[in-house]
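In the two complexes that follow, subunit A is the common piece, with subunit B as its partner first and subunit C second.
Coming up: the complex of A and B.
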């Protein structure tokens, strides 16, 4: 209970789902040792933290921001530029963190103080404009960011796949630098989600919820809504930048498509909505379902199409053809929003006593 | 007795509409001042202007020795003004306890004061950990008032607390407001129900078309049917 800040999942099915997801992610290197499975698991961890940080804004304050991928990108690029420029050393990793995180926080502070005074729609528009400008900058400043190609870099020796930490002879399976990197991603993402859970269940989190419901009432109780929203924006940006660092660490690359693109922003929005806004736990479920669907739906449909063809069913093999996976992914999202308007967690979670 | 609150020539515009046209009145310390008037007279806007939610475009508002006209709402609240809006303004997603914790700005609850509040509003104790959104209308109003008095305030602005409530709950609220008044609180109360005003008010200010048209003792207005008829369009007999 302490670990979950007194805010357990509340619901047997939900608890069981979360336990299965966390256990599967924790044991992925041993249960599903292939490169694709590891990539999918790492992406789920990183996006769960990223989506949870966005949920702090959207779900707990009702603020729509389109600059979240910008902060994610700042984290990614900070690490990539430091490791590319300084070489694969731990001091480069430290420089990436020391530069990237404060830059993200300061930018969030500036945007917040400048635009959170105005109506929510203006804040959304300003974040959209700033994020667009940042995307263009990242593409144009080739000497620094690598332009459209991005920056590939090498990790410190300890984190390289070739570094064997425990050979197969010792435990029956190999633990190498890649496995260690995965567990860094897993542990850091878990820590960020638990920290966010602590924040939303703190008195500060309650004030955010009060502001979401009625900012004027919150002000009439003496709370400066602009400052509270700005703090939330900064915390959210910091976590997003940390997720960006983890993303770069895992991919050994930072580029516009993997960290700054608006399609990632849309993915984040969908994950929040599917999981359930204002729950934090929804981020874990939303990220898991979305990323699993993104990576395995095509293969699953291929198998289903073949099976339908073999037993001679009309129409179905064509409908389930792997090329139509995006159509089914879209239908899946529409169905989830229609049947779970409060998100999966909103449906599965028992109300607070 | 000194004045806790003084409004002098206060004008308020909301968008392009000129709502308050030079409002002048005072709220004596330790007394309950009733702000009466027909619908649309500007009573709620007056409270919102004092609270900084609809800032004044001209005039002066003095509260406890400070000129608060143009201050930000949080600063006015932190100076000791509690505000109960007319819309049963609770935070629905939070529990009763969390609603009160939010309002207790100076630290943890004083248990004695909490018991004092539970004495007026027993349902709040019963539903302490329930979501405020699940409370009935009367219970929400109780919570809204409890939030304003969970800590001692120098001035309470209360907007039509009995609006839309069942008669039995209205009686309980009158008892509660009378008890808050006996505790020495200074209250500015907007109320449409003249019987409630009579039962609680010490002084009265009557508004019409965004200006004060009458000020005086509540007892004087209460005993003068013709004045009521002229100012409020009612006589107590007709109202009864």
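Coming up: the complex of A and C.
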């Protein structure tokens, strides 16, 4: 209870689902040791944290930001550039963190002070514009960022797949640097999600919810809304940048497509809405469902598309083509905004007392 | 306004705010010494005016819809892309006419393509408004999310129907090439784009300022409840504006893809950001502001691209920041929202 900040999942099915997901993620290296399964699991961890940080903004303050991938990208690039420039040392990792995180926070502060005074719609448009400019900058300043190709780098010795920490003979499975990296990603993501849970259940989090429900009233009660919104924006940006660092750490690469592109922003939006806005737990569910769909639904759709093609149905093969999986998730997204705005978590959750 | 008050005592006119109007002119003149060569300057200015007009055509619908109904349609980019794709339905089968060396045959191919594109995007606007936006009036957060979802679905639908490849769309033969005056070359298509854009602007302004319909729209922008209380069905008015705005986005999409000579579903997203910047600069809801904003953005992009290519990458943002520092609600603040 302490760990969950007095905000447990509430609801048996939901708790069971979350426990299954967390256990599966924790045991992935032993249960499914293949490279693909490990990649999927790491991506779920990273995105769960990233989406949770977005939920702090969207679900708890009601502001729509399109610059979240920018902060994610800053984290990724900071680590990548540091490790690329200084070589695979731990001090390079530290430099990446020390430079990347404050940059993300300062940028969030600037954008917040500049545009959070006005209404939500304005903020959405400004962040969209700033994020697109940042994407262009990152892909053009090739001396720093490697341009469209991005930066590949080597990790410190300890985290490389070749480093065997415990050989197969002792326990029956191998623990190598890759496994260790996975657990760093897992633990850090878990810690960030718990920290976010703590934040939204603190008095500060309550003020954010008050602002979401009625900004005028919150201001009349004496809370400076701009201050609170900007603060939330900075925290959210910091967590997103941390998730970006983990992303780069796992991929050993940072580039525009993996950390900055607009399609990632859309993915985040889909995950948070389908999972459940304003719940934090929704991030875990949303990320899991979305990334599993992204990786495994396509095979299913490919089979269905071929079947439809063989029977000779018009249009269906195109609509069921494996690359069109986003179409169906988009429809699910629209349906969830209308019919269950609190997402899967809201559906499964017993009403709050 | 004039017809409405002709009978009684004339209302005091709001003071004409001229400074924003002068901005593009000043900017263009200031660039002459920096660029040096007169012919380069003319080419760049014409290019930016043409680009500005095309962006204006796409942005005008968005700003009106926002002003009238407080709805920001993030799916506007989808209409741009749909318009471009629909035009290929006619332009590609009629490639022989498009490439024929006769202006009339060219027009006989392009005109139906443009009309069809506008009709389809207008109809799509109707569906979009009825199905997606109507249930979420007054809820900004849901509007943004829903229209975003509409954009995703529409874009994926385009991919499903036409496939992900880039479709080449050559410019009609009669519109290629340039008019040459001395050492100044002006591309024919740019001239056409300017003409179309100016026509759209003038017609919009006339409709808004000289007709009863326009009076209602402007009144609706300023105070929706009052217009409703006077017995006008503002929902229907809004539907009309939404469809017109969508059709204009479709027109802009066709023009832009002819300009680029290719069609791809990603132009929706790409132009969306530019359109947003223009709408913010102009002041949400203001058509004049949108016009000036479009020209300014295009000028900064063209002049900047020539003088400081590196800086041009983020010139839109810098322009937006500068304008918002000066006028935090855009060049012309129309709505009090």
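Here is the rule we go by: the second predicted complex is superposed on the first by the 311 of 353 C-alpha atoms of A that agree within 3 Å, B and C clash if a C-alpha of one lies under 4 Å from a C-alpha of the other, contacts with A are read in each partner's own complex, and residues count from 1 in each chain.
By definition in this document, contacts are C-beta pairs under 8 Å (C-beta built on N, C-alpha and C of every residue); 3 or more make two chains touch, one makes a residue touch a chain.
Every value quoted in this text rests on a predicted model; they were computed, and no experiment measured them.
By the touch criterion stated above, A:184 is placed in contact with neither subunit B nor subunit C.
Judged by the touch definition given at the top, the superposed model places A:128 against subunit C, while subunit B stays out of reach. With both structures placed on the common chain, the touch criterion links A:203 to subunit B but leaves subunit C unconnected. In the superposed model, A:341 makes contact with subunit C only, not with subunit B. Shared-chain residue A:331: touches subunit C; no touch with subunit B. Counting the residues of subunit A touched by each of subunit B and subunit C gives the higher count for C. In the superposed pair of complexes, A:144 makes contact with neither subunit B nor subunit C.
In the superposed model, A:97 makes contact with neither subunit B nor subunit C. The part of subunit A that touches subunit C in the complex is made up of residues 58, 62, 64, 114, 118-122, 124-126, 128-130, 132-133, 136-137, 140, 262, 266, 269-270, 273, 315, 318-319, 321, 323-324, 326-327, 330-331, 333-334, 337-338, 341.
Those residues of subunit C that touch subunit A in the shared complex are 72, 74, 132, 135-136, 140-142, 144-146, 148-150, 152-153, 156-157, 159-161, 164, 269, 272-273, 276-277, 279-280, 284, 310, 313-314, 316-317, 320-321, 324, 328-329, 337. Residues of subunit A that touch subunit B in their complex: 203, 206-207, 209-210, 212-214, 216-224, 351-353. Interface residues of subunit B facing subunit A in the complex, by the touch rule stated above, are 51-53, 72-74, 77-78, 83, 85, 89, 91-95, 98, 101-103, 105, 129-131, 147.
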